[in-house]
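In the two complexes below, chain A is the common chain; its partner is chain B in one and chain C in the other.
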Partner chain A sequence: MALVNPDFVEEVKRSGRFDASACMNCGVCSAVCPMGIELLPRKLFRYVLLGVKDRVLENVETIYSCLLCRLCEVNCPAQVHIAENVRFLRCYMNKKVFKI
Partner chain B sequence: MPLPIGDTVGILADNLRIRKSVLPVPDKSASAWARGLGLTRGGETILYTGRMYQLIPYIEALNKVQEKIEDSWIADFVKVGRVINRFINVAGLLAVPSRNMQESCGRILVNIARLLRRAGVEFGYLYEEDLYSGALVYDLGVDDVLEAHARRVMDVFKKYRVKKVITVDPHTTHMLRSVYPNLIKGYDLQVKSYLEVLVERDLKPRKELRLEAVVHDSCLYARQENVLQEQRTLLDKAGIDLREPVDSGKFTFCCGGPAESLFPRKAKENAKKRVDQIKKVSFRAVTMCPICLVNLQKAAGGEIQVEDISSYLVQAYCGG
Partner chain C sequence: MSDRRIGVYICHCGGNISDYVDVDRVVKAVCDEPGVVVARTAVFTCSDAAQQEIIQDIKEQNLDGLVVASCSPKLHLYTFRDVARRAGLNPYQYTQVNIREQCSWAHTGDREGATEKAIRLVRAGIARTNLTEPLQPVKIDTVPGVLIIGAGIAGLRAAIGLADIGICVYLVERAPVVGGWVARFGKMYPHGKKGRELIDQLLDEVKKRESITLFTNAEVVEKSGSMGDFHVRIRIKEPAESDIGVRVGAIIVATGFDPYQPREGEYGYGLEGVMTLAAFQELLDNSGGRLVYNGREIKDVVYIYCVGSRQGTDMENANRYCSRYCCNATVHAANLAFEKNPEIHQFHLFRDMRTYGRFELLYREALKRGATFLKFDASEPPRVEQGGNGKLKVTVKDLLTSGEEFEIRADVVVLATGMVPKKNGKLVDILKLPVGRDGFFNEIHPKLRPVETVVDGVFICGACQGPKNSSESVASALAAVAQSASILKKGYVELEPLIAAVDPQLCTWCGVCAQACPYSAIEQEQYRGREVARVNEAVCKGCGGCVPTCSRDALNLRGYTGAQIKSMIDALVKEIC
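Showing the complex of A and B:
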């Protein structure tokens, strides 16, 4: 069972660097992604916004597999800053999980 | 097991922090390409390589090792590697670059310098102080290490009173033009890619090339830095009949290279998809980024010819 973690939501908000709230879950990003990443940003970003930290941590490989190529971003109808959000998640992982 | 993400990122970031580069490119070999060109040291306008082309042979060598390690039990030892790396340069021991590749990457930089001279641009070079921009560490999201490094790069620019920077690849252009301004207070450098500078100068070709080729746009140039027309203008004037692959221009398809440091296999699969797109249009592809160049070349395995744009430009505009 996935638990919502309010501290995680707070932490993300405080950073002021994560914003995927405009995402409409249309799926364009997944359809064009050259890496075939189905999870990003549709589901994974939603997990972040909802504070389901465990799910975010389960998907480290996805977070680091993104090419930051922004093909999804230029096609996104809601103009979500997908690459910057992915970079935020990497920064988070590096600091909090990998202690870099 | 896949390469351990945290430890691999850690090694690359530690290297940038301790050794000023993600991989060990000795200062002497990084600036060797400029030997004999008589470029002045520093100056108001400089050609900044950001060591990207020089890094390629080292990335290549290390990736060969990584590809073998990926999915094998040895991957676990990368953890130990990170600790050792703080004292001994682990990548330096593993990444033995091929001389051939070093020479061909150096030749690209010579081509670029020749083109700029032919366009009448006066520029200097920082030689061993021409530092890496930190592009990979930025992508991997190690922002503190990146910030400290960016300040180091800026200190060198300040020391030589640099005002204008001419860049040679999309990653460095992006770092200096779009990332550094958010990291450095009062940032006021003017940054242009050499392709933009050449077009501005309205350089005229000396020779018509009469061949056809596909343009493989770099994601960063196309989607971030708005360098889209310059390469086409220059190639077109050089007499090259330009073809476009199915995903092109602003919607270009990534070469897969950015995944290489952590997932070599995925990077290769992606590059193969791009090679297939290119193959359908022409057997000759033109790249403008060292990462695209090496990734597509590797994935093509000789099926198509992949070359850096500067090789064609130097033939047409400098007459060979």
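Showing the complex of A and C:
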């Protein structure tokens, strides 16, 4: 069981670079992903929105597997800036996990 | 042999009937039936040309009975009654035989069988028509007054609407003050006014109108009479109890709802910090600055939806219906909470979100401000327990994250409770109101007759019909105004004469028929010094429930008398050559 951590949500919100609030969790993004990674991006974003920091940190490899091809983005019915959000998560990882 | 002059018309229905029924054979088989003087077919009997032909036949042949064998009476009964009326024939001497839905469509693989069945059905129709009598609609004078029960937002608005049309109104409220639940609401969507302000505005309007008489602390204790002229007794309980009798032409019931009261332990109800949506709304309204509960600032809120609505069948007296308003109300409350404290964390645990129409904007706003929605399965509801640090611990399996289990720590857990029917047992008995499976009052048809009940002259509106928000309640209240005014402004009503009739010569008043009548339409009266039954023509629906209970055969249904039914059976079983 994962603990919902509102502080993580705050941290992300403060950055002003992550916005997936319009995500309807429809799954179109994951269906069209050429990498075929199940987690990207709907579930990943959901972890961020819920504030499940542990799960986000567990998925370093997935976050770096994204090709940033934006196929998901053009197909997103809620116009979520998916690639931009993934970029933010990479920055976050760089700082928090890899201490770059 | 019959001395009647009956015209019979068999419809092809453009092939709908004639493809499966040999209509020419039907005409041949019935043209010599007793009383028949004209028998024809028509491609479409409902067409203007065919109607003209029938009218011409009625006039030229001096017909005193009409049979059209076509589709369901639901579709064209009134069309052909009107044809008869236009030709000068009493419309109740017309019989419609259904040889489409009940014959050609039902037996598409058996032309011979369908044709034989059509012959029998048409013969039965002719037999009934042979024994018809001219009937006149029952005309009842109406009293230009309306009794409104319940002075919530629906009742108040209906009263103003009726008064403006020029109808006098008696507004009866059981509570000491008017306004119902809306009066307790805080800021409402979309106008942002408080519930109390809305009610005060309506009450001011009510006070301006002399034709509205408002009774608070009062209830209806007795009703007699029928549509157009009800006699109602109102009991007023302030300060000394007294009764008042009023006469009205129609009654509008707007008694509203009760909020669902969660059981002890239901989603943690009873734990410190677990509250209903109504209690949370009150907290929102009463907090000036930041949201505080028990001296501590509220930082994390968990909402649980569908509490008391859409319950499972395994529960006793389960509420199966969706209360409709709670999703909107909860999301609205969440937005108000964001206004008080933009940093607040809000988690919505839902089964399905139903923020329909313009309420979708509220949902979008909540999402934008950072509210998180988690979908749970009804079979695995969230668990609410006491956690550490004075917080509550909510565990939920989120379907949107493939059923992963999450733990949320919350300061308060808000249960979005639905609406349940108000306990109105006495009123149901007095007005004979139809109660649906869910316990709310039932209209005749939700789309075609949305505020009328099976009791003529008694209308329902607002949340007593089922869960509604305030604007929907007002809309239905105005529908009830329009419906009741349409009866009362004319000064009279005309009712179907196809109702029960008592032969006072035969009746010895045993009272069995009165007990059998679901509409309480049978009363006792004196006839030549003895007691007999009398049918209240305004109340009788012509269901025929009383007829077979009479051991002396003193009751008959006009248009469907015992003799008519017997003659129809004889015609149905007659040999087909």
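Assume the second predicted complex is superposed on the first by the 100 of 100 C-alpha atoms of A that agree within 3 Å, B and C clash if a C-alpha of one lies under 4 Å from a C-alpha of the other, contacts with A are read in each partner's own complex, and residues count from 1 in each chain.
The rule we apply is simple: contacts are C-beta pairs under 8 Å (C-beta built on N, C-alpha and C of every residue); 3 or more make two chains touch, one makes a residue touch a chain.
All values reported here derive from a predicted model rather than from experimental measurement.
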Original post:
Putting chain B and chain C onto chain A via the overlay, clash or fit?
Top reply: fit
Original post:
Which holds for A:C26: it touches chain B only (first), chain C only (second), both, or neither?
Top reply: neither
Original post:
Taking the superposition as given, does A:P34 touch the first partner, chain B, the second, chain C, both, or neither?
Top reply: first
Subject >> First (chain B), second (chain C), both or neither touched by A:Y47 >> reply: second
Subject >> First (chain B), second (chain C), both or neither touched by A:V60 >> reply: first
Original post:
Looking at the overlay, does A:R87 come into contact with chain B only (first), chain C only (second), both, or neither?
Top reply: first
Original post:
Hey, is it chain B or chain C that touches more of chain A?
Top reply: B
Original post:
Could you give the angle made at the Cα centre of chain A by the lines to the Cα centres of chain B and chain C, to the nearest 10°?
Top reply: 130
Subject >> First (chain B), second (chain C), both or neither touched by A:L68 >> reply: first
Original post:
After the superposition, what is the least C-alpha distance between chain B and chain C in whole angstrom?
Top reply: 24
**OP:** Write out the stretch or stretches of chain A touching chain B in their complex.
**Re:** 34-35, 60-61, 64-65, 67-71, 73-75, 87-91, 93-94, 97-100
Original post:
Can you list the residues on chain B that touch chain A in the complex?
Top reply: 2, 5-7, 9-10, 13, 138-143, 145, 219, 223-224, 247, 250-254, 256-259, 262-263, 266, 270, 273-274
Original post:
So in the complex, which bits of chain A are touching chain C?
Top reply: 1-4, 6, 9-10, 13, 21-22, 25, 43, 46-47, 49-52
Original post:
Which of the residues in chain C end up touching chain A in this complex?
Top reply: 299-300, 343, 345, 347, 364, 367-368, 370, 372, 374, 395, 398, 400-402, 404-409
